[in-house]
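Please find the structures below.
Below are two complexes that have subunit A in common, paired first with subunit B and then with subunit C.
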Partner chain A sequence: MSRRTYNIAMVCDFFYPQPGGVESHIYQLATKLIDRGHKVIVITHAYEDRKGIRYLTNGVKVFHVPFAIIYRSSTFPTVFSFFPLFRNIMIRERIEIVHGHATMSTLCQEAILHGRTMGLRTVFTDHSLVGFTDAGSIFTNKLLKFTLSDVDHVICVSHTGKENTVLRAALDPLMVSVIPNALVSDDFKPLPRPEPSSLPFAQHPLPAHPLGPNDTLTIVVVSRLFYNKGTDLLTAAIPRILENHPNTRFIIAGSGPKAIDLQQMIEQNVLQDKVEMLGPVRHEKVRDIMVKGHIYLHPSLTEAFGTVIVEAASCGLYVVCTAVGGIPEVLPSHMTVFAKPEENDLVAATGRAIAALRANKVRTERFHEQVKAMYSWTNVAKRTERVYRGISGDISEEEFYGADDASHWSVTRGRNFALIDRLKRYYGCGVWAGKLFCLCVVIDYLIFVFCEWWWPGDQIDIARDWPRKPPASDDD
Partner chain B sequence: MFTTTPYLRIRRPSPTTAEFIVSTLPPPTMALRLSFYALYTARLIVGSLLLLFLYVAWAQSPYGTLPSPSPSASPLSIGALLAAILASRPGVLATELASKSPRTLAFELCAVALWAATRRLYTEESLLVLRGLGVQTSSSKGNILAGRATTRFIPTSKIQDIFINEAFLGFEVRHYLVIVVDDEPDVVVVFPKLLPRARVVESVWRGVKECLYERGTVGDRYVLEKKRERCGGGGARAY
Partner chain C sequence: MANASLSARDRPYSGLMRSATAPIELSSPRSARSHLAPEDAFTSQLSPRRDHGAIVHDSGNELRPRTTRSKLESRSRSRRRKRSWKKLLWVKQSYPDNYTDQATFLENLQRNPRLQPYEFWPLVGDISVILQQVCSVTIFVVCFVGIFQERVSPVSIVGWGSFATFVGWLIWDSWVDSKDEDEVLQRRRSNRNRAAREQPGRRDRPQSSVVSLPPSATASVTNLAAAERAYPQIAIHHSHSTSAISLQSGKSQASDVARPPNDPSDEPKYRPLSSTLSGRPAMRLDTIKSAVLIYSTLLGLSPILKSLTRSTSSDSIWAMSFWLLAINIFFYDYSGGVGVKFPASLSTNAALMASTVLASRLPSTGQVFSLTLFSIEVFGLFPVFRRYARHQSWRYHVTLSILLVIGAGAGVGMVLGGEKGNLSPLKSGLLGILVAILIAIVAIGGCSWWLISLQKYKNAINGPWDQARPIIISRRLWDDD
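Moving on, here comes the complex of A and B:
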């Protein structure tokens, strides 16, 4: 018996042509799901000249919905005005599952609300960690709680992310799955190594890095230069690292508001010949930059997953990173040196890494194959598909959620679409917020009824599907 | 009232010519025809009464003059005719009305009413395909006075491609047929006002491909063969 395939809509404010981690995550996941025989469309907002409906490689259909942008390419929270168009797309593409991405994307939150109103299954993927203390975070968390009060399943990219999301949105932990990011390991290959037979004399074993005692060692940093990426830490640490280890160089790629601080640091300490700043680079150039170095330094202050350190390890770099967020889960300990997110420890950790490389203790040439075995998008797609099957009831609840004895949570699972039950879930969100959210849900439902009357479902043309691939079996 | 949802008719005057007409005008029946005639007559009467009222209002204003029939002029001159009309019952009534009604508002109302009375009742858009020559798009104008239709001819040598696309329109996503023309920044949308349903657009697209390039679209050869047999007679067929 062939497995059931689904029609999935990925909804997110962040998508190509804008570069970034969430964007490539959605694209890669969509491509691999299509390879498994599903149908995937992506709904995002319009980017400058990128409007309307387009197709990407592999038949990913992208809807660039024309809406206004307010902040860092998030759309203005129009809440209800998106609903008629959203409903039209859902009907014409015969969508069964709405999969929203990223907390900061209002489009995604609205889509999950509308999707539930329309009686579709919804999944939410959280890509980021959010704090609990400042006003912005509190507001974001409240909004997230609203959206996640009535969602079928949540996916986080790391266990730290799961913990964070469960706390923020007061969710049943069993409703949250952890599916890490992945990378296209063929795009991040280390430089080809010389054939042992071509060398003038035999070395046993071949050194991981052909690094002589007086050769310079290069440290690479590829990061957007924002506060949360730890650029301040980097600014403070670079002069000290260069002082301790004169035979090292830095290559810094990326741009952002903190670039100016780095420039000032370079000029104050006269390090122009030791620190090279490349400015913004395209994602496909990242590999070419990474392979120039021996160590990858990642001073981030918060990170849900940190795809970039996986990319660096895949390029055969020894990784020095701060032990924050989901980073400690990402790579095995022999590929990384961890530091506390503070200046002294970062300098010390980098020193340890340099010493280990110089002593030729790290087998970085094996990193690529190891990373390749750990991370692949095919695997991510397979695990995501299992989530889809779980929420659609194609695998039994016990199998999907596992055995549990915390019976008080079970009310929140197996979420039905009855309006009264949805309202009950939203009402628990807070004294005032609960009532406000209920009001929103009721209005949303009324708009749905109006849409059903004004644009009857049978008047909406069904769009033709891209030719589907045969569903993949489970054990490939 | 007199229109239906847009539907497709195909005319095949010759084997190398096809015309795809999308129209909101239902197929004419006797009752429909009679009611159309009645409606046109009514609109003509309303329109002429409005014009008369406007004329009288103008004549009463400080800028206008009332026609003074000189006895020497023939009874068929314009002045004499106008005077006769004014002397008739509707003329007298109009004069009375015009002297009572506020001037500015009356003019605007009349203009709107005239525009409404000359509006076309239905929309009809068509695509004429002539093998070896090209295609002609045509779209009926909204007002009767503006003329029959806007047409545009695109020679075959200028046509890069014809395809179906999807786009956002208000709160909807619609299918539409486009012609890509050489050296033009914008594409030409076929049936721009009616934007018929996907089913119609698709059958037009197949028909155009078949008629213009004398071959079917890939993968649908069998369907097209059957279609050709059916359409070969040159009869009109409604969808």
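Moving on, here comes the complex of A and C:
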């Protein structure tokens, strides 16, 4: 039985050449979906010298659309101005599914709105956790609710993220799938372990197991040094950890506004020979830094998934991390030591980790293979494909959502494109917001009608596809 | 045993499940209770919610979870799932990605975890702080209008104002005195207890090191400690006066002189040694000195102030002073306790600037002087007194509020009544008082009641997705250094 393949457009403000987690997620997912026989294009805004259309490896076609950037590489939210161009791309590339990424990306939110107006299926992937307390997040949540009032499916990267998104956008929980991030495990291999017989004396400072009681144990921190990454905790904990455990040293990679606090701490406690600060590093170099250490310390205060701890575990490091956000779901307990986001507990947890390593109780050399079996982009692509099949109706509704009796949710599941049904969904967003959102949707629809009349769809040329691969077999 | 575990699994569902996240019009069984009442506040996560679920939802929801659960079980049985679902990402689960586990979904959600319900009378007391400030601004404006229309003699205003200030200072002085004696007594007592337990000579603030001398020396120490305690307050006086002066003159020559010769903020440790007079009298002398200085500086500056804005039209001055006084009201430090060193400098400066530009509209030097001095008293010194009065006793606070409302009402009544001219000043004043008291009661009571009634809409959602608050202990040690 041949599977149906889809034409998918990934829309996000954040994409290469800018580095980052969302960017690599989109790229990896697109590549693996192409491997499975789908056609994937990426729509992002123009970066300085990166304009127009580019092809990346594996035939990922990237559209850099010209829009002004206002804040942290998000485009200016004009709501409607993107529509004609978007429609043109959709028709030209014969797109069936619009897949937006990241809450903070205005391009993605607009694309989901326009996609629904054009009668396309839409998916949204949420990469972040947003609280409910401060004014900024309330505003963000309202906007997200606008976008997600009329979306076919939502993907979150962790179960905590799912709970968060369901609450933020008042969604049916069955409309939200949890598909974790993954990593390219070949890029995060531990150092090759020499056979004990062949190499009696190792030349480089290998993270050799078993650790003797007096061998130096290295703790690695790779993190942007921001408040929400827990740098304050780190700054407070390092002197105490070093005091409790004399034969340890720290390697800290990353930069940010809190770097100066760390520097100050180092100078105040005269730890220059014990704490090494490397400054900003490229993502490709992260593995080379990680393999120098034995323990990876992750003091973050909030994290939707925490790809970096998976990368660290894949490099064969024992992970000490704060149990916040989605982190407790990510790694099995034999790879991690959890701490509360408190200075005392972080120091204690690091102490436990050091003791466990010194006692040679942790089989870190097996971590790489284990992580490789847990997370792979191929698996992510396969699970994302199931979402696509579900929303396109290739899997029956019962099978996709489960035979659920909650019939009132079927209204919000966004099966039909009738304008009046869409308006109903938007109207429920709030007393004032609901009316405003309805107005936006009506205007969007009018623009759509105008475009259909001014640039008829059948006069737009169809682009030639990149030669497709034969769909990969399903039993992966 | 089995029963208990079953109900424990059911409960989170009854509290907050999909129905809680559904759009309101869709979730019929719970829509009647989409808002929380303040008494729904709870601190720990699970057990109180169980209670709250049991108490509040008994009526409609008792049956629902059970039926849903049985359906869920039948569904999972029909698919022959053996392993139970786990909230983990690294496990390959035999459930679809959009599977929602009814037992664990949203189990860590907390609603209104740190809610402190307001009570009516304390809230009224807190709101009346705002009322006091609004009333003092009103009184100031009324005085200006009186002077401007030449209905009130400026000398009488400033005379009464200064007299009231002097009386207020005496009262404040006695409060500070008695409080310090109390504190010293208390501290001496606790010091004795502490000395019994641990070694003396802890690193602490200078004042307590003075106090922790052997009991034989405490008789003279009382005064010293009192001086130490009171000095921040005199610093308030000076800061207000100096800022007023520098604002008006643009020269800081005077403010240098206005500072007491041995400023406590510079060298608190040497203070007890270098001063010849012991504590309190020295401080009083300093206060009087600076008062005289402000007085004479203002007297000298008044002719300059008089012609300061001659080239500006009156309309702009009215608009400007309105905005400046509005800034004063909005940025005033309503929450500040008695120990605040520079309470709301923006607010005070705005008010003094307003008084300066208003004073520049006045025709004679005497009027300008009076109004400026009066403004310093009203905006600089009076708030300090009010703060102390509130701190000292509830009764003082209420009395002061009532007096202020009456004063402002009478003033406004007289000014407005005088314009029309068909009412005698006494009558219009009485009418003003009546209206002011009415407005005050309606405003304060109404606002308090409104705020309390709005509390039921409060719905703060907390959960594991919130940014954690790190608990850092040692930070203080190296931040202070």
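The rule is short, and it goes like this: the second predicted complex is superposed on the first by the 462 of 476 C-alpha atoms of A that agree within 3 Å, B and C clash if a C-alpha of one lies under 4 Å from a C-alpha of the other, contacts with A are read in each partner's own complex, and residues count from 1 in each chain.
One rule holds for everything that comes next: contacts are C-beta pairs under 8 Å (C-beta built on N, C-alpha and C of every residue); 3 or more make two chains touch, one makes a residue touch a chain.
From a predicted model like this one, the values you see are computed outputs, not experimental measurements.
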item	value
Between subunit B and subunit C, more extensive residue contact with subunit A	C
Which superposed partner A:R240 touches (first subunit B, second subunit C, both, neither)	second
Contacts of A:C438 with subunit B and subunit C, given as first, second, both or neither	neither
Partner chain in contact with A:N88 - subunit B first, subunit C second, else both or neither	first
Residues of subunit C defined as touching subunit A within the complex	18, 21-27, 68, 71, 75, 87-90, 96-100, 105-106, 108-109, 460-475, 478, 481
Sites on subunit A touched by subunit C in the complex	129-133, 153, 155, 158-161, 163-164, 166-167, 170-180, 228, 230, 232-233, 235-236, 239-240, 265, 268, 301-302, 305, 322, 324-326, 329-332, 340-344, 374-375, 383, 386-387, 400-403, 405-406, 408-409, 411-412, 428
Subunit B contact footprint on subunit A (complex, rising order)	51-53, 63, 65-66, 84-85, 88-89, 92, 455, 460-463
Complex contacts: residues of subunit B adjacent to subunit A	165-168, 171-175, 197-199
